[in-house]
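A, B, C and D are the chain letters, set down in written order, and residue numbers restart from 1 in every chain.
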């Protein structure tokens, strides 16, 4: 059932929900979905595997693995589970690196995409601020990092900058951090996605870069992102959908389109405490990276 | 026709629109509405005068003057009209000060409410950053300024802090700057409201302060604010309203309430470029203040 | 032996060293000096008690207690003793509060003097950023806080602002945090001074405030400060002094004065890592305050 | 007369002053010195040309051109000459680009070296913040920009990062901005140096990068720098020198060395208003670049 209202999400797990209805999902051979819980149900981990072109087309996402680590309590002051989420994340990072053929002691370039001066786009730079950089210190596990800036500031695609640095400093893998857009407000500040497909044009909060993946970089590229905004159109669509169940779907689509596009296009929905949530997310992701990359090997050995 | 969906707006001009339908507005003796255009139609100035308790109850706003300076082009890089808006604003500030009995050479304390670390709430502190402080320099036109911070940072109501400072330094008027919430996204970054009613509990983006008005301070209090956010519920309600014209209003209200409250309560809608818009607004307001307070008298002399 | 080269220091312990030579110090009845070590000699605590006007004149400091907590390792990454210093500081804060007649559950207003935008003057604002504010939360131990800003930003003396707030919110004591100037570079980032004499004109890195003490505020005022700069003239004087031992002191004084004043007046000496040292100092002081004010009583009970 | 006290300066004009005494300077064939005045004597422009290895050894600077733009009034609020200095700077930038064979419409990568979080080292990043980036906009005059960060943040030499980006984006020249160390406090905030020799190890406020010059980059590299600090040892040496004229120079050297090294090594001297001065310098340099690179050709045509 294609052509549903094309409100963009960067999360594969949401693309799957909105694109494939329950039974349909099972039957599509191109997409595999799995989920599990950790920490007594407080951390929810799901995996969307896009196996082939058929699945990629259905979901609008490239072939590859999409892992989601969710924790509704992540950002709470009391009873928060920062540390547990960081460790779950570290585990998934190691698994992806191992799957990509990386060994213990591999060198990794971590890239913080986004604009440090725009709160909702500053996740990447903030993660880099917390990261332990070891390339100049260690024989093994060499971590380097760069905040390439956005095109309005540099005049260059982030992908150009990263490719140049990769060519000169020869890391064995790239890990890219970026802020994402989600479809549902409940994802804001609670969900982290990892994928081995890298970053593609049109992804992310800005639309500022060309492809940054294994093919363009010549080495494995893992992307880690977290939603910081929801398009305003999405919440209108959700509201209308539940209220207009009797209306034909195509007609409903047109009504919302007419309603939303003229004035809500550039609007975003964020929590009031977005500044604080981005800070917390960046801390959890940095810790995940610090654990994954420095606390011994990701070979599982 | 009371009990319309109570989505909050801090703008009197919006409260009037949503509360009073066209003909009704004219007939209500308690509220007077006037408008005019300047700069070849690029600046729109409206005035809502709440004359008595009847009007105050209808609008949900205290008695007094509410002036709105609107310019859709204010924040554009090309063809922007920062300067013109600053001057229109300065003109209104002087008029309100004069109406409040202030003379040329009066001393004014300017208060920047809000949290400098939260973009959408940082308008007040940013305005103070651009303001010319002259209390220590001039014999006349003594401007002092304070950023009292938010209660989570200080443990005190902004009103307590300001009242203490007023008691100690004896200014003749207070001008309070604050970020506001609007009902319509088209107000974000384009509208500035001035009022001689001060600030009241429940106003503003945060809900952080008790009354800060002429009665509590003992001197005239003028509030200048600009909307930086729209409640997410508002845009859903607008969408639903236009789609469900046949549904009974009371029923419609209940449906939206059920839909919106559980998940959209704390969400806000902002433009992607909110960081930039707040910077620009703060510049226009500071310039308005600098012109009004320093370029000769606001006595009209 | 008066009239030594008047290079200013805000530390009583340094004023004593430069003003009173060894045997002389003992004999002056107006100044008592004590010292002790903690944490295996890694924390050095000294106390200068200025008992009367004679001592005050000799030292150029008002009558009262001056406690200094020093730790050369405070700011080191490895083997640093942040926590130990915070606890030693907390102990001294409690003792001063108790001596001032404050009981457990007293309410305290903490004031962060200085300019947040000038690194060497930002200690006060940075401490306030880390402080736990509890006035709105607890029945006991009510902590409130204010960053009054500097006169160029507000047009008001910090003392005026604080006095107004004290009058309105009625705390039982004020604790003022400020950046200081020292005489010796080895004090930078390693020394914290506490005093029950408050802040006096001409103290501090800027020269921006009038008296902020028990007499002007009407309640006990404790000042906590740490040196972040050394006047450039001081290091020249030290150098010259050791090289010119044969030259007559009066002549030496004149030579240095001629040399130093014309060009070094406004210069300061700081470590290259001043930004980092101020951050670390602010953390230690905030923790000291958090421990002293929140972890049970400072009644010693 | 070698072996003078080796207090480091990044300014060729100071290296010349301290290394070569008057008549000697004239006679050394390896170094040419010229000076001129502009703007009625308020802007002083000097040129040190290091012609050969003999001159390079004498000065401790690589062969090439060193231009200095000085204006004691640059940073004053009243009567300041920001604009005039920016234009004088633009003129020199164009001359150096032309001499390096660059044509109108050449593409240039501007590199902001240094640490944005350390005031005295933040000149490069601040200049980049004010620069007009046009690579994505224009057919001609393509300006791109990068803030590579410091090695502790990235794990990479700035030169590696820049070289990678040069290889990928193919600019025709690199302009590097960096904070410098001077010998005399009167240079702080008043002097800007341009050179076609690039950046060499051991230059700059930090010591963080390997060579970044035409040889390593394969294209012309122009460096623009301004002193933000003076080593504390320098001012001691100056003081001692003028006081000890009768002492033998070699002995004097040893005395100062013994005195200064143990405790003043890592100390720097800055003006109290260093934060403000760096902001102003960065503005002047950006404007100079904006004028030089965007206002028509640097071909002189």
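Everything below uses one rule, namely that contacts are C-beta pairs under 8 Å (C-beta built on N, C-alpha and C of every residue); 3 or more make two chains touch, one makes a residue touch a chain.
As the structure is a computational prediction, the values presented were derived from the model and not from experiment.
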Can you list every chain that touches chain C and also touches chain D?
none
Same or different: do the copies chain B and chain C touch each other through matching residue numbers, with over half of them shared?
same
Cα-centroid distance, chain A relative to chain B, in whole angstrom:
38
Inter-chain centre distance, chain A versus chain D - centres from mean C-alpha coordinates, in Å:
42
Please tell me the distance, in whole Å, between the geometric centres of chain B and chain D computed from their C-alpha atoms.
48
What are the residues of chain D that contact at least two other chains?
none
Quick one: in the complex, what on chain A touches chain B?
117-120, 185-186, 205, 229-230, 232, 235-236, 239-240, 242-244, 255-256, 259-260, 263-264, 266-276
Along chain A, where are the residues that touch chain D in the complex?
128, 133-136, 142-149, 151-156, 160-161, 163-169
